[in-house]
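Some structures are shown below for you to check.
Next come two complexes, and both contain chain A; in the first it sits with chain B, in the second with chain C.
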Partner chain A sequence: MEADTTTWSPARVAALYDVGNTWLHRVHPLTKLAAVLPLTVAGFAGDSIRVPAVILIVAVLTLLVSRLGSVVLKSLRLIAPMTFALFVIHGVVRPYESEPIASWGPISINAEGLALAGTTAARLAVFVIAVTSAMTTVHPKVFATALIQRGVSHKLAYAYLAGAELLPEMRLRASQILDAQQSRGFDTKGSLPRRFRTLFALLKPLLVSSLIGVEMRTLALESRGFSRLGRRTSAVEVEDRGKLLQRSLLAAAIPLVVLAILW
Partner chain B sequence: MVSGARGPDSTGSRTAVFAGFQEFGVTYDTASTPSLTGLTLELHSDKLTLITGPSGSGKSTLVRVLAGFIPRLLHGKIEGSAEVLGNDVESAPPNSITDSIGMVFDNPFDQLTAATKTAFDETAYALENEGLHPAEIVDRVMGALESVGLADLAGHHPRRLSGGQSQRLAIACALAQQKPILVLDDPTSQLDPTGTAEVVSMVGKLRREHTTVVLVAQDLTHWLAIADRLVILDGGRVTADGSPASLLAEPGLLADQVMIPRYVAIWAELRSRGIELGDRAPLGTDQLLASLQASDGAGG
Partner chain C sequence: MTAIKDALSFKTAFTTTAWVLIPVAIGINMIGRTFTQVLNLPLFLDTIGTTMLAFLAGPWVAAVAGVLTNLVIGLTLEATSIPFGIVNAAIGIVAGVMAARGFLRSTGKVIWLMVALTVTTIVTATPIVVLVFEGVSGSGVDAVTGFFVASGQGMVESVIGQQLLTTPGDKILTVLLAFALIKGVPARYRPPFAREVVPF
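== the complex of A and B ==
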């Protein structure tokens, strides 16, 4: 069972990985992560959609040429609900002083609102496409190993890796409970009140079984040296390289922040 | 004191003692009654010790003490003394016990790390925590997966394995760590017959390879044939201890404490009707059939 990537969450970001051997796959994981910051900040430069739009166009073309169209599709799936919400809020719901460009009864569309929604959506899209590009092209284990190599706590690395597995596991657990309830004659389909009843009937056993599972997992992790002190290694060998480039990318964010504020 | 001492166990054979309990008791912080009380027991290396008893008899608490989880991780009031591998369980340094004892739990899925995408990574996790060289990790992981028959599934997601495969994966994790003692807490209680057969076969193989195994089981059906010793707990203390065949020779006496396997019940029923089947209870259907054939051949 693969993680659903239709909405945004850190767990789903960790589950984005696609196997491949493109140039982006070969870039050091932390270089990709470091590139997210200046790219995102650059998206906020200027007060119009132009800068983020240019970044987006360049990024999409680069990804398509690099046979990474899946990154574009995943980014679209992540950004689409947010973009829709932004256009509804800024373009239709929020009141503006300027004349609307179209009206249907109480609903009116405002050009100023549409421009603001477009700019905000483009900026968010830059961030989403940068993160998605990084995470789609780095195996979570490689990413965690690279983080541990640079001194990040293995507990944090575990939390990142476990996050990727949490949602599918909860979904599996819920589906097992529902199957068990249905096999005992519990009707889980039908009217809205009945579906709510199903939801409440599911929540308690889901919570209890999850808590029991957490205790067992804690003991199992302990049995495998989770809290052991000392150096850790990885079965996956990740060459620790690109420090200068990563620092440069992070440093590049500083003038870009200044530029974004001033422009 | 305990570790390395040699002495006869309740079955009469002499092997090193790796764990000893003297009037030992545990009352969890969250409970008002003790889970173990006045427990006195020695466990021996190079044996498969089968521990059974009714629900709430303290079986799982005992193996959690053995594995070094109590009182370090699961807190409670301790009475008496317990030593595992020469370490007093109350003052043992962190990891001194868990480093040497592999633990397999009853739930095949909740004992996975939930942070790995392949059976290989799952098995490698503990070795990475030990800081082993990557080449050694690969060797050990593949060796362990090979020995539990999962080498072909090394690249599969742990959650996509069946219950039996998942339990074998948990065993592989302990084998890869080269822990000398394996503790299994009712490892087949949540498995279907196929999964149960896989795990029983795996544990039998480990026993033949002289791995020390402590196994908790509510249902003894599959385990008696490979167990060297049977310990019965009730009310948090040992109520019977000996070789399985001799302890089950009078199954009626144990009926309140043990799920008597069907082949033992049939054997006892036939004996009670005057059929001569010997004094030792059969430890499997094969042994029952052999006893019946011998009795038939003798004109019984």
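== the complex of A and C ==
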């Protein structure tokens, strides 16, 4: 039986994850992850913008039709500053031997630079949208369980999941420490040396409390048989399916690279 | 010296304590960046957890924490951080091996550790920034890269120039903070490797 993630609180993990029941939510987590590889290599192969642009248009339309506009927004938020920097550095700032298409005083816009910026932005957008689509529609616990089912060490999966769960907890603790230190008169806007001192005052309690908690966590894990060898059962169940599709997706990366270069 | 030997061997380095420390390092890597943003400091401090773990548990544990930091952040928050897992892992290995070789035992040696981490960052990050991101990172340091590009430098030279200006300060403070923070932790809470390599 599949885990009903709709009842889990997304706030407990630092995650792109959105609760939902779209077709993409129902696809096996590793199938979604396997699809990232051929899409990304196809996007990066070849010199032209055509391949990444086509992938991007199809991906955005599919996501919008599937009511997954949030994936597009999250990807856009991440890729926008990079796209801006790419267009400024390659399209405006970088000197070229060819004639600029427009000039205003020292600023000139070059077609060659714009093309390079556009291609790079499209490639990065393909990668970002592929990863974001995969991870917005899978709860980290389900993802970690699926990895363990395919032979990934449960210890590695624990570290991944605990990391994802610890991020919001540490962020909360960091903001509490920040508030507490500010109420004691710590200056977050003073001179550079003063801000460095504040940084140390903020990090120290966070680190000390984290390290003190390590001993307790270690004992708790050991009492649950963390170091024991052998198979484990899991509270989260993920139906182990789609192996052939996943292998095909990974294998598809090779012909896709060839096609992208030739096109 | 047993703890150092154990931490340098891939087979014996991963104790339960080491596995518990990895998520803590991931959290500290993330929080280091958050605090520098809150305090408007011209730094990243996004490898402070990895460096600290290298001093606490050795190179291999720190390398795994480095890769996982970028994977966790990449798969849960920002996909673009995934390729930089290589940089984070390399920092963990170099910091851990140098800590085991006694580079935390004198001020002169600590300076060499800072230099090594700076070089490691530049050597591993530059190819990723140039080949994958065409020189940009989407952060404030792009202005420095832009300055070098505008002055007629090639993309590789511009990224190296930007890294030479921004990385040393970041790595100096990362090492100093990691070292000072471990020093502030009572000895009984330090893992055996840290008790041997941190001179207190």
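Quick notes on this structure:
In this section, the second predicted complex is superposed on the first by the 215 of 263 C-alpha atoms of A that agree within 3 Å, B and C clash if a C-alpha of one lies under 4 Å from a C-alpha of the other, contacts with A are read in each partner's own complex, and residues count from 1 in each chain.
Here is the rule we use: a residue touches a chain if its C-beta (ideal position, glycine included) is under 8 Å from a C-beta of that chain, and two chains touch if they have at least 3 such contacts.
Note that the coordinates shown come from a computational prediction; the quantities given were computed from them, not determined experimentally.
Superposition model on chain A: chain B and chain C are shown accommodated side by side without a clash.
In the superposition on chain A, A:Leu250 makes contact with neither chain B nor chain C.
When the shared chain is aligned, no partner comes close enough to touch A:Ala53: not chain B, not chain C. After superposition on chain A, the vertex angle at the CA centre of chain A, spanning the CA centres of chain B and chain C, is 70 degrees to the nearest 10. In the superposition on chain A, contact is made by A:Ala162 with both chain B and chain C. By the touch criterion defined above, A:Ala174 reaches chain C but does not reach chain B.
By the touch criterion defined above, A:Ile109 reaches neither chain B nor chain C.
Of the two partners, chain B and chain C, it is C that touches more residues of chain A. In the superposition on chain A, A:Ser227 makes contact with both chain B and chain C. Contact with chain C, but none with chain B, is seen for A:Phe200 once the two complexes are overlaid on the shared chain. Contacts of A:Lys141 after superposition: chain B is touched, whereas chain C is not reached.
In the overlay built on the shared chain, the residue A:Glu237 is in contact with chain B alone; chain C does not reach it. Between chain B and chain C in the chain A overlay, the least Cα distance found is 5 Å.
Chain A residues 140, 158, 162, 164-166, 169, 212-213, 217-218, 221-222, 226-227 lie at the interface with chain B in one structure and with chain C in the other. Chain contact summary for the complex, chain A toward chain C: residues 13-17, 75, 78-79, 81-82, 85-86, 88-90, 93-95, 116-117, 120, 124, 127-128, 131-132, 135, 140, 143, 155-156, 158-160, 162-167, 169-171, 174, 178, 188-189, 192, 195-196, 198-200, 202-204, 206-208, 210-215, 217-218, 221-222, 226-227.
By the touch rule above, chain A contacts chain B in their complex via residues 1, 139-141, 154, 158, 161-162, 164-166, 168-169, 172, 212-213, 216-228, 230-237.
The touching residues of chain B, when paired with chain A in their complex, are 64, 67, 69, 73-74, 94-95, 98-99, 101-103, 105, 107, 109-117, 120-121, 124-134, 137-138, 141, 159, 170, 173-174, 177.
Taken in their complex, chain C has these residues touching chain A: 14, 16-17, 19-24, 26-28, 30-32, 34-36, 38-41, 45, 48, 52, 64-65, 68-69, 71-72, 74-80, 82, 132-139, 142, 145-146, 149-150, 152, 173, 177, 180-181, 184-185, 189-190.
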